[in-house]
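Structures follow.
Next, two complexes with chain A in common: one pairs it with chain B, the other with chain C.
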Partner chain A sequence: MTTLDTDISDARTISKIEKASESSRKNLTSKGASVAAVVIAVLWTVPTAGLLISSFRPEADIKTTGWWRIFVDPSFTLDNYRAVLSGSSQYNLSEYLINSAIITIPAVIIPISVATMAAYAFAWMQFPLKNFLFILVFALQIVPIQVTMIPLLSLYVDLGLAGGDAPGGGFYTIWLSHAMFALPLAIYLLHNFMSEIPGELIESARVDGAGHVQIFTRLILPLMTPAIAAFAILQFLWVWNDLLVALVFGGGSPDVSPLTVQLAALSGTRGQDWHLLAAGAFVSLIVPLIVFLALQRFFVRGLLAGSVKG
Partner chain B sequence: MSAGEKILQALIVIALFFAVVAVILVLTSRLRSRVGEYIQSTAFLLPTLILIGVGLLYPAISTIRLSFRNNFDKLWVGFDNYQTIFTDSDQLRVLFNTALWVIITPIVATLIGLIYAVLVDRARFEKFAKALIFLPMAISLVGASLIWKFVYDDNVGLVNAATEAIGLGRHHLLINGPWNNLLLIVIMIWVQAGFAMTVLAAAIKAIPTDIVEAARLDGVGGLKMFRFITVPSIRPTLIVVLTTITITTLKAFDVVRTVTGGNFDTSVLAYEFYVQSFRSNNAGLGAALAVLIFVLVLPVVIYNVRQMRKVAAR
Partner chain C sequence: MRSRNMRRLAVAGALSASLVLAACGGGDDEGGEGGSAGGTSPGEGRAECEHLTEFGDLTGRSVHVYTTIVAPEDAPHKESYKLFTECTGAEVEYEGSKEMEAQILVRAQSGNLPDVAYIPQPGLLQTLVTQTETVVEPPASVEENVDEFFGEDWKSYGSVDDTFYAAPLGANVKSFVWYSPKMFADNGWQIPQTWDELMTLSDTIAATGIKPWCVGIESGEATGWPATDWLEDVMLRTAGPDAYDQWITHEIPFNDPAVEEALDAVGAIMKNDEYVNGGIGDVNSIATKAFQEAGLPILDGQCAMHRQASFYSANWPEGTTIAEDGDVFAFYLPGSGEEKPVLGGGEFVAAFNDKPETQAFQTYLSTDTWANEKVKLHPQGGWVSANKGLDINNIASPIDKLSAQILQDPEAVFRFDASDLMPAEVGSNSFWSEMVAWVTGQDTKTTLDNIEESWPSS
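Moving on to the complex of A and B:
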């Protein structure tokens, strides 16, 4: 609580100082400007709020009246959530929720484990063709994933990785694809961070007789934790929210499809079932929202760097 | 598969990759010499090179070759697939829609992001106000599409209620072209404005105060300050934001697929690629569409990377 209190009093003093200079400093923030800001904020919030409110309204109400009627005639229910999550309904989102998690966790860990090693090699080892290979990896960031998909899918089929009888129940195609598409960006981000570590640190460790493996595991990896965390969050949100990769490589099979695939399918086939679509949408949104709100700092930092990915 | 089996499979694949890393580290840990370093670096890079080679390099080259073949007997057909894209009336509609998306989305999203960033800069609830606009970035495009499909709904949607209330009547919003395209573009703008706002807000905060103060002493204020001080100072960042949103927009197919399924003349390049490649079994045309996306993205990315260097150098 004490930290919170100091935060608040800090904020107060700051806001006092700012207020004092506000009139001189601020130009656009007149009354009209405040109104414009509020209008934008409302426009950006109302659509989400509408669907969120609707997800708690009884089916009959949603289908006949707009969600804003809730303020005149309030009635709430959790039935919609019960219906989409239960295994007996055709929605059965709890199974797809599990699929999303099963896809996402390895798809975040695999590229990180592979990319940290590669980034270390590019940053601190000497070998022939180093610059050429690094530029190649950097350049591959810009290949849109669409360009790779047709041949990659037939390759998976030839290798026997696709389909329900394949090893891992068909998840390998999705895991590997996400890992491959993430690697160029992961290596680039981690390399940038790694080359900022002072060279003297590495040199003195080498003088003390440490080899690359010892330096990598004992010295570099602990220092890399913030960068790895930043990339992990980006990749987590990217994989969790992905539709294209899961759709193409999972082939729409309920065994391996994540929430996004099922929701998109329901939007097409059961587009009028708003009581269930609304609840379903928020089941899928809740995880990335929690991750985002808890770890916003890292996310914003990695945002620009990751913007040209796949 | 049961949930338990799936978790087991996930653990197996994670263990597999950790084992590869561990084996490489253990096997190369004793190497010290210069030649040893070559072997070590090869081992460190091997998993990456295999994954990138198999997953990106080989398929990209293969797709380019495929785009020059016909679909049925895999014969070389030269530029026929590309010719289809630029002559077939359905495909021309796709190109027109894509142009709409790529021109409108970056400009409007950046404009709104910029205006909002300036408005809330140093305002009382700055953090909260920013989070509101930024939140759509965290959710999936499928989720965003559902949120807006509900706004556009024929019976209980907000837009129809509003148009009826002001006497304009009810409409089947998503069916009537070409306006339905604009309604889909609104969804992308809604998502991307948060990105623009966050990046631009950081750039605005980085404008040196002495420039702002000097301008103020000269009597510059309000809109003039915005036009002559703020915008020129953050110009490289503005270009980075514009190009980044352009790239994202060119590659996104989720909105079209979720809201209209490409019906009612709303298909775009990235969605058409998906349909031709994986629904209509028209791999040759699909490959050509993918290559076209690549060709369109390439100059934008190069420009983007150059501007990003400028921003980083500041």
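Moving on to the complex of A and C:
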């Protein structure tokens, strides 16, 4: 990639960029900036740390005093985690954890596979009304999710996808809805990354006799890995934390409910069990945290891909 | 070209075939005079199944129930349907969601409806009946049961425009004052029988240096509702049930002198520095104290009385004995002494189709058999019904016994929580927020004028 990019860019702009990055690096590594960064980091972490501490405190403590009392009067228990996780309890979040995974994985794979192909078509193929269609897809992003709910659900009901006797236990509606809501942004983002791949590369592949399928699988996909991974993380976090789509389209049936639905119900009918929420929140938080840390490398590269050449 | 046409024909054929099949399926379900599925009911000959045998053999069918009741309260519900399954053969699929009140409207509009829903507010029932026209009238057997086992006031809350739609299910009593029996006994305080005695007792307690009342109205986005309950409860006592009904339907304005009198009576307690806020702080702390925790100072002897519904029993920490001779108990919020108005709430069973299994389930829930079956599943208490067939001896917890006694008292005049019956703009919006403003210093007149202004015209 580097050799290609230097070919295009002219030496003067490179030095300019270097100068700019040099000065910004100086600004960012100054003492003041470091202190500010530390302060911001601490401020941002305090609520999460409080939640984590709360999740280990006994019920009576949570209900009467704030988490900071832990420093004066420390007492820890695993009861909250036992209550939300154990198979014998009425909450049993571990079952819903599996539901969440079943919902999230296809809901990430479907839009990404469709969007990469669509983005390739929009970026490198010629067909009538291409620009018009692209603007149409782009414009779909502004449709708020809420206004689509009742019409979409009626459609699912008419097609027999929703309701008690739905095929796949009702998962199809959730997968399809997540895929639909993700596609406009996915196509737009991936198209922008893809169109920055130098045309010469595609052309030379074509000269060597590659067709669209070969160019797509051998050339585009490997180059797009960071962008795809970045979008996959975004979509994963979105679907994992989603409550609305699962509630409306999943019909809230316990068999297809993700973790978030159960989490919302965790505090009990009249909110008397709210001391379990902190532990429940951490159970739900741990998976996206692992995914994010594991794919973080791609995330940063993906965000930068195409933004600055050099 | 030809092959494509053939394929189209095939698809069209398959589609119409499935449509015909679907139509047949629908017809099958709705058919049958009196909603019976035919066959011999599995519960034939069993005394506890006598209400259900008329629906025939429902084996293999299921009833989908959608409710606001989630874990852990859902377990006894599911348990109580076992008898229904034994009697009819039909299974019950239970679905609880705290977002049900919003979701049921979405699902009604898009046609993705359950068979039965437990509606926690008469106002929501009215919306479902008048706006979505999805609620189906129950069979005659349900209405007969309701006439037999429930009071006229309860039946009217399950009706819209004089048509009966939904039978009452559970109930809760809000006219309770929680107190510590030990603290009362130690100080020689008596449980007040009239409003005047209650105020005298408050003075007596205040004289000892203990703030007699503790109040908290913080409840997330619904902050203020405990204060609306206060006003409603007092309004029932100062103005009477008839004025209360007129107040709900807006026949008298929200800023009527009768309401002003009631709110001032509440203010004599809630805005009195001598009386509040036991163990928590001053008057202003009422607005920021979570309602779940507001009564807990009673356990430490820092507060003597806390007005809150029967369901507050779930908020006492584990190990607290709730009984007449225990750590905490409740007494009926007294009125003038003659009438016995009761403020409360409850759920209503609405059905969205007339399949035999749905009707059988509705019938089952309206019987005294179910009410007794259900209450036996609550060894710790926490559930009660206004069903007059409910045997008090089956109730385990003292506070539920007291609730049931109050609900079954022929003198009692039951009234539903007013804020649940008023238009949403008021009942779950300005009424809440203005009560918060009132607690934190706004005067009575401005408060009531502001709520009156927010009442939707028409």
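Methods note: the second predicted complex is superposed on the first by the 234 of 310 C-alpha atoms of A that agree within 3 Å, B and C clash if a C-alpha of one lies under 4 Å from a C-alpha of the other, contacts with A are read in each partner's own complex, and residues count from 1 in each chain.
Keep this in mind: a residue touches a chain if its C-beta (ideal position, glycine included) is under 8 Å from a C-beta of that chain, and two chains touch if they have at least 3 such contacts.
Since this is a predicted model, take the numbers as computed values, not measurements.
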Applying the touch criterion given at the start, work out whether A:131 contacts chain B, chain C, both or neither, answering first, second, both or neither. neither
A:268 in the overlay: touching chain B, chain C, both, or neither? Say first, second, both or neither. both
Scan A:106 for contacts with chain B and chain C and give back first, second, both or neither. first
Classify the contacts of A:248 with the two partner chains as first (chain B alone), second (chain C alone), both, or neither. both
If we overlay the two complexes on their shared chain A, which of chain B and chain C does A:162 touch? Say first, second, both or neither. second
Could you tell me if A:63 is touching chain B, chain C, both of them or neither one (first, second, both, neither)? both
Quick check on the superposed pair: does A:149 touch chain B, chain C, both, or neither? Answer first, second, both or neither. both
Looking at the overlay, does A:180 come into contact with chain B only (first), chain C only (second), both, or neither? first
Considering only the touch criterion stated at the top, classify A:225 as touching first (chain B), second (chain C), both, or neither. neither
Please determine whether it is chain B or chain C that touches the greater number of chain A residues. B
Dual-contact residues of chain A, meaning touching chain B and chain C, are 63-64, 149-151, 153, 247-248, 264, 268, 271, 274
List the residues on chain C that touch chain A in their complex, please. 62, 64, 66, 68-75, 93, 95-100, 103, 106-107, 109-112, 219, 292-293, 296, 311, 314-315, 317-318
Quick check on the complex: what are the chain A residues that touch chain B? 15, 18, 22, 24-30, 33-34, 36-37, 40-41, 44-48, 50-51, 54, 62-68, 95, 98-99, 102, 105-106, 109-110, 113-115, 117-118, 120-121, 125-128, 130, 133, 137, 140, 142-153, 155, 168-169, 171-172, 175-177, 179-181, 183-184, 187, 211-214, 216-217, 237, 240-244, 247-248, 255, 260, 263-264, 267-268, 271, 274, 277-278, 280-281, 284-285, 288-289, 291-293, 296, 299-300, 303-304, 307-308, 310
Contacts from chain A onto chain C in the complex sit at residues 59-60, 63-64, 90-91, 149-151, 153-154, 156-158, 162-164, 247-248, 251-254, 261, 264-266, 268-274
Where on chain B does chain A make contact in their complex? 1, 3, 5-7, 9-10, 12-14, 17-18, 21, 24-26, 28-32, 34, 37-38, 40-42, 44-45, 47-49, 51-52, 54-60, 62-64, 66, 112, 115-116, 118-120, 122-124, 129, 131-133, 135-143, 145-151, 153, 155-158, 161, 190, 193-195, 198-199, 216, 221-223, 225-226, 240, 244, 247-248, 250-251, 253-254, 257-259, 261, 270, 273-274, 277-278, 283, 286-287, 289-291, 293-294, 297-298, 301, 304-305, 308
